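Next come two complexes, and both contain chain A; in the first it sits with chain B, in the second with chain C.
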Partner chain A sequence: MLFTSYAFVGFLALTLLAYYLVPGRCQWPLLLAASYVFYWAASPWYLLFILVTTASAYGVSLKLAALSGEQRAYLAAHGDLTREEKRAFRAGIKKRKWAWLLGCLALNIGILAVTKYTNFVIRSLNALTGGGLRPVDMIVPMGISFYTFQTVGYVIDVYRDRQPAQRNFFKLALFVSFFPQLVQGPISRYGQLSETLFTPHRFQEKTFSFGLMRVLWGYFKKVVLADRLLPAVTALTGDAAYTGAYVLAAMLFYAFELYCDFTGGIDITIGIGEAMGIRMPENFDLPYFSKNIREYWNRWHITMGTWFTDYIFYPISVCRPMLRLSKWSREHLGQAVGKRVTVYLSSFAVWLATGIWHGAAWNFVAWGLTNWAVIMISQELEPLYERFHRRFALRGKAPYEAFQVVRTVLLMSAIRMFDCYRDVPLTIAMLGSMFTRFDPRIFTDGSLLDLGLDGADLLVLGLGLAVALAVSLFKRKKGSVRQALYEKPAAVFYGTMAALLVCTVVFGAYGAGYDAAQFIYNRF
Partner chain B sequence: MDELLKILESLHPDVDFTTREALVDDRVLKSFDIVAIVSEIYEAFGVAVPPEEIVPENFNSAKALYALIERLEDE
Partner chain C sequence: MKGRRWPAALLAAVCALGALYLAQRLLVPKYQTGVVEGSMVAEYYRETVDHDLVFIGDCEVYENFSPITLWETYGISSYIRGSAQQLTWQSYYLLEDTLRHETPRAVVYNVQALQFSQPQSEAYNRMTIDGMRWGPAKVRCILASMTEGEHFIEYLFPLLRYHDRWGELTGDDVEHLFSKDPVTHAGYYMRVDVKAQTGFPEPRMLADYTLGEKPMDYLGRMADLCREKGVELILIKAPIEYPHWYDEWDRQAAAFAAERGLTYLNLIPLREEIGLDMSTDTYDAGLHLNTGGAEKLAAWFGGWLLERTDLPDRRGEAAYDAAWREKTDYYNAMKERQYAELAQYGELVSFGANAVER
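Right, the complex of A and B next:
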């Protein structure tokens, strides 16, 4: 049941109606039932996987909470213990907690690894050895990367005593399976989502209409813009004859397609939550206004970035072996090298994991590691940039900031081509062709009209992207567009909503036999 | 405290760490800085800051960070 299917729209309408008709205390059980129906509709087998994840997280988090409770009670009852005795007791409890956590991580990351990466390993082994191992016909549960990460984050938070364990199995089951965010995130933290997920919500016209407006805006970006760009991106990246300036066109088309697709999907997700009074974390903060790649990664897919920082980057970079390595490096290789070792190794691990998380293929590994390399190079060049900015006083000047924004968009778009061409040497060759065979005439001589887009499509795209840009600029300068519209007469707010609906229906990229494209991030 | 201030100032000489109260929230300290600080603390104080203690409350000010070091030393 894709978000863009009529079935989903009907399912959503029924769920929203039922949500506000049932008593408040029945709202979250209703959402759990709806989430399981949504997942069951995708495949009954998937339910088995999500139940294993939920049950393991439930059991282990209770055990971890019990061990923490045991520690508190023991230390409170034995105030006369020496510091060493307390330390020894804490170490014993920590060891037991660690064993439980490790078991839970091994099971859940193991399921993720086996379902998503078995065929990647088989293909890589075949390529390496020339062997003929046959790929396995594997079930890959929808959204497994997202719900596994979200659940694992919860268990780690309980392990760290940052989060009390949820004692109600069904509430935890809803946290793991909440249908709007099941397939493409955002990756919520339990402490944040649970604040509004289980509480009763009465219908409020403003909250509901704000949510609905955001859902419509998401659909507009997805079906009018992203799906309209899809044929051109497919054509440009599916034929190695499209070199030179065509690669630049592909970079830009894919940049806008991915942005509209992913932010559109997240708008639908967060908007559905808002319509129910449920708050989910934001996943984007105007990423294409970033002035450098690190800023971009703080503003794009934010919940994934913070997840990797909190649960992979910090644990690796501050673990004792890494601290000892850092100390050793400072003593033997000098301060300059020593202080870089930890950050370089930990961020390498994070970007390798980020690449693999995005897809079971070498092109995603290359994508992740290229991001890592660019971030590290920028980090090293920071003092140089600083001197440059002091010398020329360009910081804060609009034309220079515009240059920085365009540079970052182009750089990120180039790196993203690993995702499009799906072949590392081909991607490098195609990007290289921009410097050897660049013919800018393709942008003016009508060549772009041979890519599955006619003049009307280009007009709709141009206008649609202009509206999206205007919305982003307004948001950047003045804040919420919805709030601004809401403060006008009701006809303006609801008129805009109706216009969005009509535009989405009329200009959506569908016709006879149309099958809305799957959201790009669903496959991750 | 002086030793900790020296560590922090070596990372950002232009920041007055004696007065700032929202170093993480204001994005003065980012993830790479935090890792560098944890390494320096390990070397200078012999205290390993575990990942569960890397939260904004502990890194938002020099005072909070020093309190964390003292607590970890005590544990």
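Right, the complex of A and C next:
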């Protein structure tokens, strides 16, 4: 049941209606039932996977909480213990907790690895050895990357005593399977989501209409903009004959397609939550206004970035082998190199994981590591930038900031071509062709009209993207567009919603003649 | 919601629905020029008199029989409920729909479509089904006809299917926003031009000549429905050689008719007797008859029918005379216009699939 399917729209309408008709205490069980129906509709087999993940997280988190409780009780009852005895007891408990956590991680990351990466390993082995291992026909449960990360994050938080364990299995099941965010995030933390997920909500016009407007805005971005760009992106990246300036066109088209697709999907997700009074974390903060790649990654797919930081970067940075390596490096290679070793290696691990998380293919590994390399190089060049700015005093000037924004968008778009061409050498060759075969006439001689987009499509895209840009600029300068509209007469607010609905239905790229385009991040 | 915000929300909802309704009216194809087949099924509901004879089928009925000739020659009030590539189950549901409105004495079904066991094309589905009035027959027809990728809701709200036509709107779409001109003559599609039949490709061998279970089942349902309603069902194969009608199919159609006690008439071997000359009586090299051919066939077929059925001569009945006079005038006027275009341009420019929409 894709978000863009008629079935989902009907399912959502019924769920929202039922949500506000049932008593408040029945709302979260209703959402659990709806989430399981949603998942079952994709494939009944998927339920087995999500149930295993939920059950393991439930059992292990209770065990971890019990061990923490045992530690607290023991230490409280034995106040006369020496510091060493206390430390020894804590170490024993920690060892047991670690064993439970490791088991849970092994099971869940193992399921993710086997279902998603078995064929990647087989293909890689075949390529390396010339062997003929056959790819396996594997079920890859919908949204497994998202719900696995979300669940693993919860268990680690319980392990770290940052989060009490949920004792109600069904509530935990809802946290794992909450249908709006199941397939493409955002990756919520239990502490954030549970605040509003299980509490009863009465119908409130403002909350409901804000949510609905965000859902409509998400659909507008997805079906009017992203899916209309899809044929051009497919044409441009599916034929290696489109070199030179066409690669630049592909970069820009894909940049806008991906932005509208992913932010559209997240708007639908968060909007559904808002309409029910449930708050989910924001996943974007105007990423295409970033002035450098580090800032971009702080504003794009924020929940994934913070997840990797909290659960991979920091644990690796402070693990014993890393601390030992850091110490050794400082002693033998000097302070300058030594202090970088931890950051470089931890970042490397994060970006390697980010790449692999996005897809079981080498092009995603290359994509992740290219991001890592660019961030590290930027970091190394910081002193040079500082000297430049001291000399030319451009910082804060609008034209220079615009240059920085364009530069960042182009750089990120170029790196993303690994995702489009799905072939590392081809991607490098195509990017290289921009410098050897660039013919700017394709932007004016009508060549772009041969890519599956006619003049009317380009007009709709131009107007739609202009509206999206205007919304982003307003948000950047003045804050929430919805709040501003809400403060106007009610007819303006609801008239905008009506216009959004009509434009999406009439100008959307959906139905017969269009491929049912799933959200790009559903694949990850 | 604060009381004062309700009216605005309601007004916006009404405006949105109104805009979507208007958009639907504008964007749904009008089938007034060029491919007009999509208008045929709906035109039936404009009829002011009942029909004693109803033809059901695909282009082999709506392009080959002239109801005007049947009226003028025999006083038979007839109508053709046909559309492009109308599949057997669609014909069944159109028959069911027809019998909700009237009870003719005889129904003629052309068996050509029995060769299709599966839905063929979304575009043809729409042309047949969109014109049907909503009712149980239409719902079942949609469910039986949908190809992969079609959705029932797109029949319920055609805007969801045709929303992307805004890039190809023509003057017809604006002019016929709320009303459509008739494109047929009691369901008959007129073409007076001539393109002689020269020959057809050799029929290819089939792996299996058995007519499909689904079309035969619906043919059986047609027979049952007609028997139940006291309507005589007559099966025919129009006198068209291509697409090839295999002997094996013919024998199965004949066997079905014999088993059910129905009449089955293959008109292909009777072309000489009918007087058809495929060098002058076809407009597309033998695939369909032109108006001259359709009039000859109707004249012969009317006589054949009257020998076997008790179809009444309605001439002299005021309501019928008035209705058919109007049809005949329109028929003759269109014929004149088509002949005039032929004389002026050497071909039809305002009629046929290649006609340019305004």
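Things to note:
Note that the second predicted complex is superposed on the first by the 520 of 524 C-alpha atoms of A that agree within 3 Å, B and C clash if a C-alpha of one lies under 4 Å from a C-alpha of the other, contacts with A are read in each partner's own complex, and residues count from 1 in each chain.
Please note the rule applied: a residue touches a chain if its C-beta (ideal position, glycine included) is under 8 Å from a C-beta of that chain, and two chains touch if they have at least 3 such contacts.
These numbers come from a predicted model, not from an experiment.
In the model built by aligning both structures on chain A, chain B fits alongside chain C without clashing.
In the superposition on chain A, A:Tyr246 makes contact with neither chain B nor chain C.
Once the two complexes are laid over each other on the shared chain, residue contacts for A:Ser326 go to chain B alone; chain C is not touched.
Rounded to the nearest 10, the angle at the Cα centre of chain A between the centres of chain B and chain C is 170 degrees.
In the superposition on chain A, A:Thr309 makes contact with chain B only, while chain C stays out of contact range. Contacts of A:Tyr19 after superposition: neither chain B nor chain C is touched.
By the touch criterion stated above, A:Pro489 is placed in contact with chain C alone, chain B being left untouched.
Contact with neither chain B nor chain C is seen for A:Phe175 once the two complexes are overlaid on the shared chain.
Look at A:Asp454: by the touch rule set out above, it reaches chain C but stays clear of chain B.
Closest CA pair between chain B and chain C after superposition: 37 Å apart. In the superposition on chain A, none of the residues of chain A is touched both by chain B in one structure and by chain C in the other. Of all the residues in chain C, the ones that touch chain A in their complex are 1-2, 4-5, 7-9, 11-13, 15-16, 19-20, 23, 27, 122, 149-151, 153-154, 159-161, 163-164, 166-167. On chain A, the positions that touch chain B within their shared complex are 83, 86-87, 90, 159-162, 294, 309-310, 313-315, 317-320, 323, 326-327, 330, 339, 342-343, 346-347, 379. Residues of chain A touching chain C in their complex: 6, 205, 209, 454, 456-457, 489-491, 493-495, 497-499, 501-502, 505-514.
Considering their complex, residues 30-32, 34-36, 38-39, 42-43, 48-52, 54-55, 74-75 of chain B touch chain A.
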